[in-house]
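Read the structure below first, then the notes.
For reference, chains read A, B and C in written order, and residue numbers begin at 1 within each chain.
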């Protein structure tokens, strides 16, 4: 196999890595926002399960979570592809971390801003969606981006459930070409570049959302 | 005299073991400016926040236009808490202006003023923003509509906050030390907006350290000391001589706030 | 439910050996990572500038790439440059290198967080450089970095599971092997998850306790 073809295959794997990661980051953020609201709820029916969710998915190795979900879903009658199982696992795991990030942000939204919303007649859901969440999101944006980068790197673990993303592609190629040293180094470079792109998007977003501050 | 806009009877409020309000009876007359004055810690801000139900009272009652706020008092004196929707309904008549402005930092001035029109009153974006612009014009900030709070001076922020409260067309406006976090040279623009509002016949309750404003614009003065109403009456009655010794003591510390004209 | 508790009893010896390998790799890997991380942070702070920059670049590369890729590079790529390692030593080395990059950043932040005034005060009362490092900088820094260091150590517990992929016979590998042998994958993985969960929560609890105990130091340090 010539090196041009190797690069193309690696990039194909990288494409799947990016797609799986970005989807998981987006889904994880959405779930994380809901869970963070649950964690701060005064109703124990919401607070207790939310805290357990966060504690569980932050307490169990992602690899074990992925293996569990990959085997559990078919066992309970849900047939998803390995990509589907991978996205489910990554989303749930990153949701727990993002929920914890957002919880911190939600708690540091000044009380007066909530009182103003209260006086303007916004109900609890409107207050959360329109006032608290956007402000908490901006406050915790650096941590949210950090977690997004973590999950991009952690996405290499979905190689074990048969998703032929960058890591699995590299493994397969190195098994057939006997050039693991170059190939894994190349994969490392690609991961590094994707990460760099992600943190670039992150700082661009941070700069774009400034609400008039210099 | 017409029916009062707000009727407060036997109001008590404690924070833990500390009793901040100790039996307040007060009527807020309609279409007049009532000023709550008193030393810091006298409970005047707490009383105002109780009128907005931002603080839950410990006992007693507050009626807004005869409708109970927050709690329904039964014949035997016991109280039941009203559901959140009822509290929102009662609050619809009340506009609140805070010491710290509390403008939402992620929305422009126009966004702040039109937010509740859109999300609570469910107006279309166009109509909500048109109505918000009317209020921004009223406080003289139409040309700053697209600015974020961080791009406005303190005085401008507070005027946007007043417009935000006015947009919901309240019957009663509550002002919680509206000029206390402003640089001295910026208080004038806010007080002018409040003065114009008073001239329009708005029912206003103002907690303020601006004694000069209270004496000239206020029609009813309530002097609080240690959680109790010590004096109520017209400015002439309250500030005129002979003066209550506690009030005299209080005014002396405010000579630099425009109280000199009273001495 | 295919899961039979007798399975656990039957395989207890291998489960216990997997558990001890998990704990040992974690302990050795974490201690190694703390030490190497500290050396890196110190070299970047006190060493010559080119060395600091080179170390900084290496740290960035390690933090910017997945742990699994680093393990594969070491385990499968190592032999091509004469580095023949069994799974366990490869895993230990990988864990140490990976963790050291993160710990070095924690220590670097700690060095920077010690107020300059404290160092200046020490200089003024006549402490020499070594004394300042030993008596002021290190004690203050260790209080400041404790929470994030505990966090990182807990993160490394979970990373030990990744070592199963290069066939280190730690707990995840043993349990999933048993699970697939007896077609009791879901049940055994669930038990495994519960075990890690309990371990992580326990370590978090102990970490918070240690922080609370030491917090009066931090108060007097600030």
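The rule is short, and it goes like this: a residue touches a chain if its C-beta (ideal position, glycine included) is under 8 Å from a C-beta of that chain, and two chains touch if they have at least 3 such contacts.
All of these numbers come straight from a predicted model, not from anything done at the bench.
**Student:** Classify the inter-chain contact topology: is it line, ring, star, complete, or other?
**Tutor:** Graph shape, chains as nodes and touching pairs as edges: a line.
**Student:** Looking at C-alpha means, what's the farthest chain from subunit B?
**Tutor:** C
**Student:** Which chain lies at the heart of the structure, taking centres as C-alpha averages?
**Tutor:** Chain closest to the assembly's C-alpha mean: A.
**Student:** Highest contact-pair count belongs to which two chains?
**Tutor:** A-C
**Student:** Using mean CA coordinates as chain centres, what's the subunit A-subunit C distance in Å?
**Tutor:** Chain centroid spacing, subunit A to subunit C, equals 22 Å.
**Student:** Could you work out how far the Cα centre of subunit B sits from that of subunit C, in whole Å?
**Tutor:** The separation of the two C-alpha centroids amounts to 56 Å.
**Student:** Using mean CA coordinates as chain centres, what's the gap between subunit A and subunit B in Å?
**Tutor:** Once rounded, the distance between the two centres reads 45 Å.
**Student:** Give me the residues of subunit C that touch two or more other chains.
**Tutor:** Nothing qualifies.
**Student:** With touch defined as at the start, can you tell me which subunit A residues reach subunit B in the complex?
**Tutor:** Residues 110, 112-113, 115-124, 126, 130-131, 134-135, 138, 209, 211-213 of subunit A touch subunit B in their complex.
**Student:** State the interface residues of subunit C toward subunit A in the complex, per the touch definition above.
**Tutor:** Residues 61, 64-70, 72-73, 76-77, 80-81, 157-162, 164-165, 172, 176, 185-186, 189-190, 192-193, 196-198, 200-201 of subunit C touch subunit A in their complex.
**Student:** Looking at the complex, which residues from subunit B come into contact with subunit A?
**Tutor:** Spelled out, the residues of subunit B in touch with subunit A are 52, 54, 84, 88, 91-92, 94-96, 98, 100, 102-106, 115-116, 119-120, 147-151, 161, 164-165, 168.
**Student:** Sort out for me which residues of subunit A touch subunit C in the complex.
**Tutor:** Listed in rising order, the residues are 55-56, 58-65, 67-68, 71-72, 75, 153-157, 159-160, 167, 170-171, 174, 180-181, 184-185, 187-188, 191-192, 195-196.
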